[in-house]
Amino acid sequence: AQANAAGLKIAIMPKAVNIGYFTAWNKGAQTACKEIKATCTYLGPTEATGPAQVQFINQVIQKKYDVLVISAADQNAIVPSLNKAKAAGIKIVTSDADVAATAASSRVVSVLPAASARIGTAEVDWIAAATGGKGKIAVLSAAATAANQNAWIAAMGPYLTSKYPNMSWVGGTVDKSTFYGDDDATKSTAQFDAILSQYPDVAGIISPTTVGVLAAAQEKKTKNASVKVTGLGLPSQMAPYIEDGTVEKVGLWNPIDLGYVAVYAGAAAKAGTFTGKVGSSFKAGKKSYSVVAGGIAYLGDPFTFDKSNIATFKAIY
Amino acid sequence: MNFLTRIRSSIGWDKGVGALLVLTIVIGSLVTPDFATTSNLGFVVQDIGEIMIIALPMTFLIIAGEIDLSVASALSLVSSSIGYSFAHGVPFGWALVIGILVGLATGALNGFLVNYLGLQSLAVTIGTMGLFRGLCFVLLGSNPVNQLPDFWTGLGINNIPGTFLPWSFLLIAPLVIIALILLHFTRIGRWTFAAGISSEAANFAGIPVKRFKFFMYVATGFMVSLAAIVYTLRFASASPDSAMGYELTTIAAVLFGGVSIAGGFGTMWGVIFSVIELGAIRSVLQLVNFSSNALQIVSGSLLLFSVAVPKVAEMLKARRETRVKTPTPSLTSSRSVE
Amino acid sequence: MEKVLEIRGAAKRFGGVQALVDANLTLYPREIHALLGENGAGKSTLLKTLAGVHKLDAGSITLFGKEFIANGTRGSLEQGIAVIYQEPNLFPDLTLAENVFIGRQLTHGKTVAWKEMAEQSAALFKRLGVPLDPSRRARGLSIADQQIVEIAKALSLSAKVIVMDEPTAALSANETERLFGVARSLREEGAALVFVSHRLDEVMALCDRVTIMRDGATVATAPIAEVDTDKIVKWMVGRELSDLFPKMKANIGETILKVENISREGQFEDISFEVKAGEIVGIAGLVGSGRSEVIRAIFGIDNYEKGSVTFLGKKMKKNRPNQAMQDGIALVPEDRRQQGLFMPVSITRNTSITLLKGVSKFGLLRKASETGITAEWSKKMQLKFNSLEDSVDRLSGGNQQKVVLAKWLSTKPKLLIIDEPTRGIDVGTKSEVHRFLSQEATKGLGILMISSELPEVLGMSDRVLVMREGRLVAHFNADQANPENVIAAASGASK
Amino acid sequence: MRNLLRIRELPIAVVLVAFFSIAALGNHQLFSFSGLHDLLFGSSIICLLVSAETLIIVMKHIDLSIGSTIGFASYIIGKNASNGHGLLYCLLLGIIFGLAVGAVNGLLVAYFKLPSLVVTLGTLYLVRGLFNQVAGGDFINSDKVPHVLSFMASHTFAKIPYLFIVAFVLALIVGFYMRNFRSGRDLYAIGSNLPAAYLAGIKVEKRTFWAFTAAGGIAGLGGALLIARFGQAQANSGLGIELGVVAACVVGGVAIAGGIGTVFGAIIGALLLQTIVLALGALGVSQFWQGVVNGALLIAAISLDKVLSSRSQRTQIMRVSE
């Protein structure tokens, strides 16, 4: 049965407002809210830091929201506040970015696109396809402290070695081949340049963050560099580069779905129909999601976007 | 005449901020029932804690005609050092001691460069800002430290039993009172003002200006390390990207409190009110669901008002009295004449 | 003859100070006009109104028969008035050539003509007899050289009215002679010059007419040929000179300060002398002879390389003004506004800054005892003020000096070092200050006094030391010292 | 020779060349055209903004608002372009916006005599807040960037990136103005000795006002470069860039104490900082250490400048006394 959650107050908190990715994420959340007749408020800081988010979590506690759907800007710093919110009876669902595994008890469930390992290995497959399965590659990540990215990157290392014997990391290991652009266009661009000048023979760059992959694509285009670029990018932002062939393929889950499902999970938890225990499940729209180890519900494998489908997706998110 | 001066000096901007704070509290309580609650008060206190701690020495520095842009990076470095030591097996209590030593060292470095090498504090601390932040990443890289001992993080997170006040209040309140007394009721305070008005005249009045300012930077390092401890415990983790942007927030708060960027003038009251006011107004705006963008706009406008209002009042008064040209205030206090 | 300039009934007030009351000045073409008066008589203020710095409260100024338009400093320049201020106003970071032409740089079309500027300023420097490099920056220039640049700047204007406020104060005899040559040739070219100086012999040698001011008013104007120095002094001072220096007999005690062979590179060399309790030791010398530098070193503001300072039998540490203060040395510096006072701050705060330990209890300042001590001293010093909470920049120069004195004497020092005790102070206050110093000396205070005013040094001192170019060159007891031998020693002229 | 030694920019230029050469020995890539291209291209935005900041710092003021201004301007340009307006129109809007912010700063600093640090810190927040409010999560995509701009970003003239040429030409103009126009010289006089500037009849308020306004205008123009360079504009564009600009100026010998420094020096400063970034990367220094080295070098540069300037001062005094 469709959850009826009329009157439920739900807070939707991105890492930072004013970011296109989270605008899309919020779009899904709002759709779900309409369906279940809850009122959803989109709120959050302008800068993606834990302490800034904490101020808004306090607001959520103070205003006695029923549910908090949050993308964790810092996997540790917000945990104490989440625990307070939990103690105040607020059901918390992390979506898009989770808290540290050691703090999993602070939320009901985490709605994530796909297992970290899947996202990491998929990106390796994409770059391998682009470089023809050989050559040296590097990673252009977000902040050094970005938990999601770190988990994905950790999965890339062993996978590359085992699956693609003709490929290797520019710095020997994945750690030494990872550069941090801090999710900032300027810094990401500078780090892209640094990779190129430090490793002129680099064949491919994976950028598992929308800001980074965009900067990489733009810089590859302006410099007419031969290095292959892939990663996680919003189709609407990446479309020009895919259409003109700068980038063959990027992938991403659907952030709209991510927000959509998270709201359902939160509402179900509040209604008491969903516990968040491993094996339990909840319905979001037509689909049902069940919780796996770590208290996580996955959306499924990431989508990939290339010339064939970019036109469709760029209009959506 | 005498009467007029008295009136003028009694309506300084610092008291204006106090009035604004009262106004904010009154309006806040009227527009939202969530504002004037004990739990919200607890949040506000916790929220402004670190900024308050750093704003105290920053007030001394700015009144003395100097500035420190490296405080946020130094805070992060202290926090990272604590995290690093703890992660490498140092008992947490000792890790805190190491953190304080690191904090003192950051202050000593700034103090040395500014006072003994005679470099401009604005330029120097832009440099040390980058340096300290870099060291944070060298220490922790992409591995923030969590799972700190529950006893300690409890102090950072929980309230004092039976109250709505966080434990950090027990640290911050005395610090605020000490700073207030130091600045306005002791020799140290007088020296601070003297150094800011004219470091040359201060020197001639037998004040060891260099050593004094050096000590002031070291004290800033110490206060930063206390703020770092509060920060680390409150967020139950140590991360190299801690306290991003706190330097400008702190300086903005001090200036909004009526402290003159040129040095020599300002009150601790003004700064204390200002830090609380900024916390309170943020809370009110958030509780009535203003976006965080509006918050930035309000901060910027308040800052401009804080300098413009007293100045306009002064200009109006000057127009009535005389017509003597005063030189434009500039970035730094001391003019380098031959 | 047509008048170049006529100032009538000028009045100007600064806060509590009536700087000008009824000042009059008339200038004719082709004359060098001396403007004389005691410190604080209002000379600089009068000239600054011509420069467009101040606006008169009352009075009229006529320039070439037309009303002078007070329109800022630029306005004055455009009306043909060039001013050399008492204190040089150079831009330390700009070249000398540019300093000369600042604000009206020579141009080719729109752009600055650097080469021409350098050439022309080099020519001006040459004319003044000081071959400065026009392409060097002004930072680090000696006061004398700064003054030369200021003079070159005024010359470059080819103005009709050239005002020089004590241009020779920092110049050597040679440079002064050159300047006079230039002034005379300007006179030949048709300019009118106003010349302020405290050196009467210069005035007699150079000027055509003289105007004398006292307490903000013009007291006399006369052709130089009709006056002599005695008459001028009488007009300036308005009373007998001896009134000014009420020196009392003091019992001279033990040696308290012993300075042995101290040197500081480029400033002074091999200075040795002693000061005894109850004794007033005067140091005479030309401006720039390094007197201030010596006492700064003694007090610990500056370092010194060689030698030692012993105070009350204890060898003083270098560079520790705080220590010197606690040991009982007080220093009243020469530059009251920059070094002596915190101008925007109250009388109380200024007075108590040296006493903070004394007025504290358990480390906390006690406002009552702070105000008490300030009130007590302001009474002792006969300070004129509205409220002790008024900022000192509202006080007159003399009263400001009294605050500085109060601030130091209240520390109950054993040795008072005082640099130019009465610079810029009006006549009445001046004798009060002198009386006060004398009085303190009788109570056993040792005083080391620097003064550029010969009568003051001679009238007040038990012993007179003379410095020239960073060295102690002469030493006189009060009965031996007279204007001739002190000036001869200070200027290096052989008798 | 003596004149050569007096050029303030010389030591820092020598350091730049030395650093670049040493780094190039360790990594040949750096010493190639592409290395040079990276250097010029990567620093072009900062190089443009130092022209603005030098105007201000030389007067002993500071402008912290340029980061917010350039960001908002880039968005204004991008937004209007995506709405189908022509490049010139968009450019003009961006520049006018910059001029407006600069004029507000200038008005408050010059005529209200408010301290520039506080004023521009205020406008930094204010403009960024307005920008966030207007832009929200909006994103200007690279295909919406005016074609001329994206062409300039990806092409070179005689191997020199167009963006750098724009920055350099502007620097030449500003530098020439500051060196050779009376009103430009006034800026130095104001920063060198303010009371004396009043006495010399310099129109202090007017110059200050227009310098701030011009700095804003340059930041507005910079918006075009920013969107060209990164092919995007969004609410955090240009965030925090001001400190890098101030750092470049300081390293390039533009003294915070006012009165000293040239745009040319500031450009060298910007290039040096960029070289450090590139060189440390190229030499394989970990990114984590780069921040440390960068900060340390900045401090070293300021100290060196202090030592050099105090020594030249000392020799001058000695020359006079003989």
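Going by the order they are written in, the chains are A, B, C and D; count residues from 1 in each one.
In this text, a residue touches a chain if its C-beta (ideal position, glycine included) is under 8 Å from a C-beta of that chain, and two chains touch if they have at least 3 such contacts.
All figures in this text were calculated on a predicted structure; none of them were measured in a lab.
Contact with chain B and chain C alike is made by D. Contact count check for B-D and C-D (C-beta pairs in contact): higher for B-D.
Averaged C-alpha coordinates give centres for chain B and chain D that are 29 Å from one another. The mean-CA centres of chain C and chain D are about 44 angstrom from one another, to the nearest whole unit. If you average the Cα atoms of chain A and of chain B, the two centres end up 35 Å apart. Centre-to-centre separation between chain A and chain C, using Cα means, comes to 73 Å. Contacts with at least two other chains are made by residues 132, 193, 195, 198, 258, 287-288 of chain D. Along chain B, residues 137, 141, 291-293, 295-296, 336-337 each make contact with two or more other chains. Residues of chain A in contact with two or more other chains: 17-18, 46, 144, 180. The touch graph of these protein chains has some other shape, matching none of line, ring, star or complete.
You'll find the chains touch as A-B, A-D, B-C, B-D, C-D. Contact residues on chain B toward chain A in their complex (touch as defined above): 34, 37, 39-40, 43, 47, 137, 141-142, 144, 146-147, 153, 156-157, 231, 234-237, 239-245, 282-283, 286-287, 289, 291-293, 295-296.
Every residue of chain B that touches chain D in the complex is listed here, in rising order: 113, 117-120, 122-124, 126-135, 137-138, 141, 248, 251-252, 255, 260-262, 291-301, 303-304, 306-308, 311-312, 315, 325-332, 335-337.
Within the complex formed with chain C, the residues of chain B that make contact are 1-2, 5-6, 9, 181, 185-187, 190-191, 193-194, 197-198, 200-208, 264-265, 323-324, 336-338. Interface residues of chain D facing chain B in the complex, by the touch rule stated above, are 59-62, 108-110, 112-119, 121-130, 132-133, 193-195, 198, 204-205, 208, 243, 246-247, 250, 255-258, 286-296, 298-299, 302-303, 306. Chain A contributes residues 17-18, 41, 43-47, 49-51, 54-56, 58-59, 61-63, 74-80, 83-84, 100, 102-103, 143-145, 150, 178, 180 to its touches with chain B in the complex.
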